[in-house]
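After this come two complexes, each holding subunit A, first together with subunit B and then together with subunit C.
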Partner chain A sequence: MPKKPQYDEPLFAELPEWADVKPVEQYEGVNPVAPIFYTPEYTDATNYFRAIVQSGEKSARVLDLTENIIRQNPAHYSAWQYRYETLIALLPTPTPSSHPLLTAEVELMDELAVLFLKTYQVWHHRRLLVQITREPQRELAFIKKGLEADSKNYHTWSYRQWILGFFGGKGSISKDGDEEIDEDLWASELDFVDVLLANDVRNNSAWHHRFFVVWACGVREGEEDRDRVLKRELIYSKQSISLAPSNPSAWNYLRGILTHTHTPFPLVSTFAQAYAYPRDPQASDKQREIVDLENPLPSDTAELPCAEAMEFLADAWESEGGQDKIEAAVKMWTSLANERDVMRKKYWEHRIRDAHVALRGELKKKAA
Partner chain B sequence: MATSESSSSATDKLLVDLHVSYIQKLGERSYLTLFPSFLLDHLQSHPQPPPNPLAPNPISPQSNPRKQNKDDLTYHLTAHLRLNAVYWGFTALSILGRPDALDREEMVAFVMSCWDEEAGGFGAHPDHDAHLLSTLSAIQILVMQNAVDRMDVDRVTKFILSLQQPSGVFAGDRFGECDTRFLYCAVNALSLLGRLDALDRERTVGYIERCRNYDGGFGSRVGAESHSAQVFVCVAALAILDRLDVVDVDTLGFWLAERQLPNGGLNGRPEKLADVCYSFWVLSALSVLNKVPWIDSDKLSEFILSAQASGSYNAESGGIADRPGDMVDVFHTHFGIAGLSILGYPGLIDLDPVYCMPAHVIEAKGLRKGWKALERRQG
Partner chain C sequence: MRPRTTNDGFPTSTSRSQAETEEVLLAHIPDLEAEVQRKSILEKKIHMSFLVRNLVQGFPERYISQDASQPWLLFWTVQAFSVLQVALDPGNKQKIIDKVLAWQHPNGGFGGGPGQAAHLLPTYASVCILAIAGRPGPRGGWDQIDREKMYKFFMSLKQNDGSFLVAHHSEVDVRGIYCLLTVATLLDLLTPELVQGTASFVASCQTYEGGFASSSHPSYSLSGSLLPPPAARPPLGEAHGGYTFCALASWVLLQPYLALSDEKPSIDMSNLLRWLVHMQGTSIELGGFKGRTNKLVDGCYSWWCGGSFALLEALGVGGIQNANSDEVPIDSGAGNAIWDDVDDGLYNRMALQEYIIYAGQHPTGGLRDKPPKNADAYHTLYCLSGLSSAQHHVFPSQLRKQQLLEAWQASGVTNDELRKRSFNEILSWTEEEGASHIFGGPENRLNATHPVTNLTMTHTESMTAHFYGQVVPPRQRSAPATAGAAGA
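Right after this comes the complex of A and B.
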């Protein structure tokens, strides 16, 4: 395994095993727009790196050198690139996935990914490595750990989606994916999303991933009955909304699956209705006791009305058309514009204008 | 403005002169503090040489005796953004109406010193390998400085086109990381160079189309979550390619409007904090879709202005932070000013949201698209 550089260690210039290399100084054209100030450690390592790039050497010590630079500056993309090329040059072809050099590299990446979570290069290097190791399951386990620490990290999530698409690809994402499809990769993906949403029902990344898994990448084994899947997902989103009504991620998911499956919005109107109005103190306890799984009610503490429900209901009505429905929708938008969502007043006014135009058209048709 | 020791206090005016002198630090050593706080956070998680561990508080560099060491570290950690930083600073100055505040000749010479002769593109820093991000910044600066004749347009065009992948997306460099950001860089750069005819438009648009999500937004690659910054790059690329028909305007427009939080600021994704840089990512996309009025512009202006340097540690430094009370940097300074320009803030120069450059520069090249910002108010 490549040695971890210690900062009290000698500079490369002081190491006998590097004595044969003549370091190349950084371009020093003095330019006040971008002055150059580096630490001695960084200057030293990058001087040797420039020399290595010039000579084209690809040896084990280059792995030490590039690791040293990357630890000092994980965004040094040339060091990453040269490291990868060196690694490839040192590995036999075909490469057994258990090759010690490869294993060490993956372990090093596990460490660096945690240190430099938001650096693009860390993730790109992993993508290249896993195409050699061909161990996507290990990656899924690694990502899971990463998401426990930061459940919305964009790099981590898109890496997971890439792994699934590349090694288990079906549907839209598979075009530049793998020829051997590993269906097992998907086996616990939905459970994984469930756990994350149970921890934080407002996690938009997890909702997005749910859509990715269920709808965007082909049909998984056991999910062939799409009507059943839609029903399951409708219940799932409604229940999530009942836990936290003002959750745009859940409402967007609900809208997303309806649109994706060409299901008319009014199918969900009954559900949305319970969230779109102020709480009715007259509603009898008996009424509230009737448990309707298809239409779970808001909790007693939920803040009502919920703007997302009002918006949904108005959209459903507008899609049904007819003077009564459109007028009801306009009333809803007026309330959003003037009371519930004043910040986006102009948007709601735009919806009202459009609806009035449609209404006039309808009336004209009737008259004719 | 507040100069007391008290914590940050909001101001209701853009501090033009202070911002100009702040950006002028690009030529000085103190320029290191111009870098975004996310890089400083990143620096904090960086394993440090034992004799000089990092100070725990990144927001008080002036009082920090270890500043020297941190500056050195910050410097090399930000080297990969150097040319971008010059672009941010120069564009912000241009929008403030002070493009001459940095020396033209020095700037052009610096850009040319980032040329990577082997690859035929620009690196972020002298001696760095060419990358699309820095190549776009270089081209934007040279266009704004009217110095495009200094570079080899044919070679740059070839370099850019060489990075397109079979799927239609672009890699950032020959190492191969792919992202819709790089696709936008390529489309923007080719357009500025007048070489869009060399691009496989269908393949390029096809990739963006496959990145469209159920919420109307776009992600960094096929399958990735919608994110305001990725929405901007995809929508702006489509605008340049005259293919806005790919966008579900109402769904995306509302998703973008939903990014405004009660404090007036905009976020990048649901449930995330507001950040000044999204003033540009969200607003630019909205203005391309002609939907800027869908958000509350007064509240957003207030949010951006309240993130200007104020309070004890940077009372006189100028600059804008990611949010009120944080340390300022040139990245957020640029995007804050860009956002205010789109919102019609008095006295600013019009910004073209598609290219993120002064509108008159783009109009002079005949490249202006049908975007709409708010009318400029009288000061």
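Right after this comes the complex of A and C.
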């Protein structure tokens, strides 16, 4: 829970060191509709803030004032913005990467990020700071703790990805303007994702991060053999699907890597077949004797048929084309539309229409 | 029959919170015929009192957290009135205009409150409030917007990669781009210089799932020249409903510029459509939308995701005008020929309305994320806008485009072609007569909202006409779009 402002502290209006500043009320000569009922502490601090913005003062006491406002309202982006400008003004030029002011600021941010996890500004201010301190490793460790508290926090994840991209991406630019690839930053990233997905195989943020690490942000050292990486990732996604087949995150990842590597969907049709139909009790015992690592079977508790597998198979068939495959795909979409996934009926019908139009075009071409 | 989402005998924290939510939602599904009648009502009166309370009395102390979003609080409130077909009286309008003008920054743009720094998000909200409550002339708000300084403010946020900071020293994300493009379109500020490279940036935010992320890397740190390929440009964060709406609406707003330029970035439309339809929850989730894969349904995505389908139609996906005239009716075997329903859209519009009516309404007024949460100003608007968009079919009409084109008065400005196209596109959106599907009966009808601006059509039209100095031809009652017109 956010820390309550300390009400026993005096107002800025009562402090002698602020006596030289004339506070500025928010609305002068305007009787505002839809007012917010402010606390006296908030009104006091923001009155002084407006005065400081007008005068342009950038001094140490401005750091106190903006911290006070931020603690009461962490989304006050103007207070953050002005705080950053003040900090830069107080640091020597050129800006050093370490300084007592910076250290204090980073420590304060550690405290505030935990308190106000869902605020854009706390994460953005960290970005600005880390570009000065250039200590990304420390940030990765910090974010890891944050994700333990909230494993799907959008800001936390995008900040982690920004850190990796900025300090460790191929072609990222170092302070001196040289190319810099900090491979160490990436060293434990895949393990990190593995742990999160082992905790919750349905965590879509973690799946997205996996895609970011393996595919979207350059090639890591030791990952240059892309065929081997693809094979590894295919097995990883299939095994994840076999644990809990009705998991759109895992299927989306599987589709994503096939598309990204231009691998045709039909290459995975055999795997999807086992998930796309109702369980066949007679066949399953026999099948189970053969352990096929490339095509793991659904777990015993899995609910079949799995809509994601049906959709995948239909897409694979459609991509192959030809009357038989299109008809099979249409049959699958029809079954999704009418039984397994009725909510998306309109979409499945749209797919059927498109496929028929394409097929007719194909046949016309042949006839011509 | 509303089957629960399976956990495949493999529970995790995601499946547990999903199951808890389904439990709560299940309790909101009426099971008796009499109950269906009573519960299918959009309680307009109590939502009105909720909104009036916020407008007249104000917001309680906990809203201090939104003190830097004062324009948003007011926009959510007054636009909710518009959607509910309620007009403001002149006295309140003037008070609103005066308040908005107190947010204008001396160097251009609007801030989150008086004395706050200019920021793209409150700039959108402020201009939209003025579209609703303002007028031309002294104290009317419209002519007091400093457009020249606003343009300079926009340009000062522009990055080398075509993106924009949301404010100085702040982050880059597609929300800011949507806000900037909407305002620039309404106020006639679009230039090639302003939007050069922006479409490529937006395209780079599409993830492998098909939806869009907040931003992509490198985002704002490009003080030097652009990184040469093959520098990767990965999206930061996963596909998300709010960012997807903003990216897609930006894409629509950038079409007039793209048609005239050599830039040819592209997005994967079929993957986007697939992702969007999969955001709609199943029947046990009452057909509400979620904002990310494997997350929970939330009323606000009724607009961000549900509202995105109209935008897709402008890009050639779905809707009768995009249907192939060569098609034959196809029967999926469920009884009804699909052809008759083709204009219903690509998602389940009726089910989404059920979610908002059954689960989105708070018993004491206002709308919400989901039960048992409280109502708030944000969810009240986006539930209502989403409901409106599910009720009506609003589409870019070729007929209307033609009328606007004929009425266009050329000027000697260098950007005249871009101006003309932007003006035509934004005002071509038309509600299809007789194509509304209103769950719960005609009393639940809301005003149609503009799929890009989320203002009413009238407010969008008046403001745009004023700033472009054009006379908008009166709307003829449009004939329902028919299959016959589609091939034209």
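The definition used in the following text is that the second predicted complex is superposed on the first by the 331 of 368 C-alpha atoms of A that agree within 3 Å, B and C clash if a C-alpha of one lies under 4 Å from a C-alpha of the other, contacts with A are read in each partner's own complex, and residues count from 1 in each chain.
Here is the rule we go by: a contact is a pair of C-beta atoms (placed from the backbone, for glycine too) under 8 Å apart; a residue touches a chain by one contact, two chains touch by 3 or more.
Worth saying up front: this structure is predicted, and the values here are computed from it rather than measured.
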Identify whether subunit B and subunit C fit side by side or clash on subunit A in the overlaid structures. clash
Quick one: classify A:86 as touching subunit B (first), subunit C (second), both or neither. neither
Which of the two, subunit B or subunit C, is in touch with more residues of subunit A? C
For A:115, using the defined touch cut-off, is the partner it touches subunit B, subunit C, both, or neither? Pick first, second, both or neither. first
For A:249, decide between first (touching subunit B), second (touching subunit C), both and neither. both
For A:218 in the superposed arrangement: first (subunit B), second (subunit C), both or neither? second
A:201 contacts which: subunit B (first), subunit C (second), both, neither? second
Which partner chains sit in contact with A:237 here, subunit B, subunit C, both or neither? Use first/second/both/neither. neither
After lining up the shared chain so the two structures overlap, which partner does A:133 touch, if you call subunit B first and subunit C second: first, second, both or neither? neither
Can A:68 be said to touch subunit B (first), subunit C (second), both, or neither? neither
With both complexes superposed on chain A, which partner does A:353 reach: first (subunit B), second (subunit C), both or neither? second
In the superposed model, only one of 21-29, 111-119, 219-227 or 327-335 in subunit C has C-alpha atoms clashing with subunit B. Which one? 111-119
Common ground on subunit A, meaning residues reached by subunit C in one complex and by subunit B in the other: 26-27, 31-39, 42, 50, 72-73, 75-78, 81, 84, 120, 124, 127-128, 152, 154, 157-158, 161-162, 165, 172-173, 202-205, 208, 211-212, 215-217, 248-249, 252-253, 255-257, 259-260, 342-347, 350
Interface with subunit C, subunit A side, in the complex: residues 24, 26-27, 30-39, 42, 46, 49-50, 53-54, 72-78, 81-82, 84-85, 120, 124, 127-128, 131, 151-152, 154, 157-158, 161-162, 165-166, 169-173, 177, 199-205, 207-208, 211-212, 215-218, 243-249, 252-253, 255-257, 259-260, 298-303, 333-334, 337-338, 341-350, 352-353, 356-357, 360
As the complex stands, subunit C meets subunit A at residues 5-10, 12-15, 54-56, 58-61, 63-70, 73-74, 77, 92, 95-96, 98-99, 102, 111-117, 119, 167-171, 207-209, 213-215, 217-219, 221, 224, 227-228, 230-232, 234-240, 271, 273-274, 277-278, 280-283, 287, 292-295, 318, 323-324, 326-328, 330, 332-334, 338, 341, 344-348, 351
Where on subunit B is subunit A touching in the complex? 26-29, 31-32, 38, 42, 45-50, 69, 71-73, 75-77, 79-80, 82, 86, 102-103, 106-107, 109-110, 113, 125-129, 131, 165-167, 172-177, 179, 210, 213-215, 219-227, 253-255, 257-258, 260, 262, 269-272, 291, 293-296, 299
Where on subunit A is subunit B touching in the complex? 7-8, 26-27, 29, 31-39, 41-42, 50, 71-73, 75-78, 80-81, 84, 115-121, 124, 127-128, 152, 154, 157-158, 161-162, 164-165, 172-173, 175-176, 202-205, 208-209, 211-212, 215-217, 248-249, 252-253, 255-257, 259-260, 342-347, 350
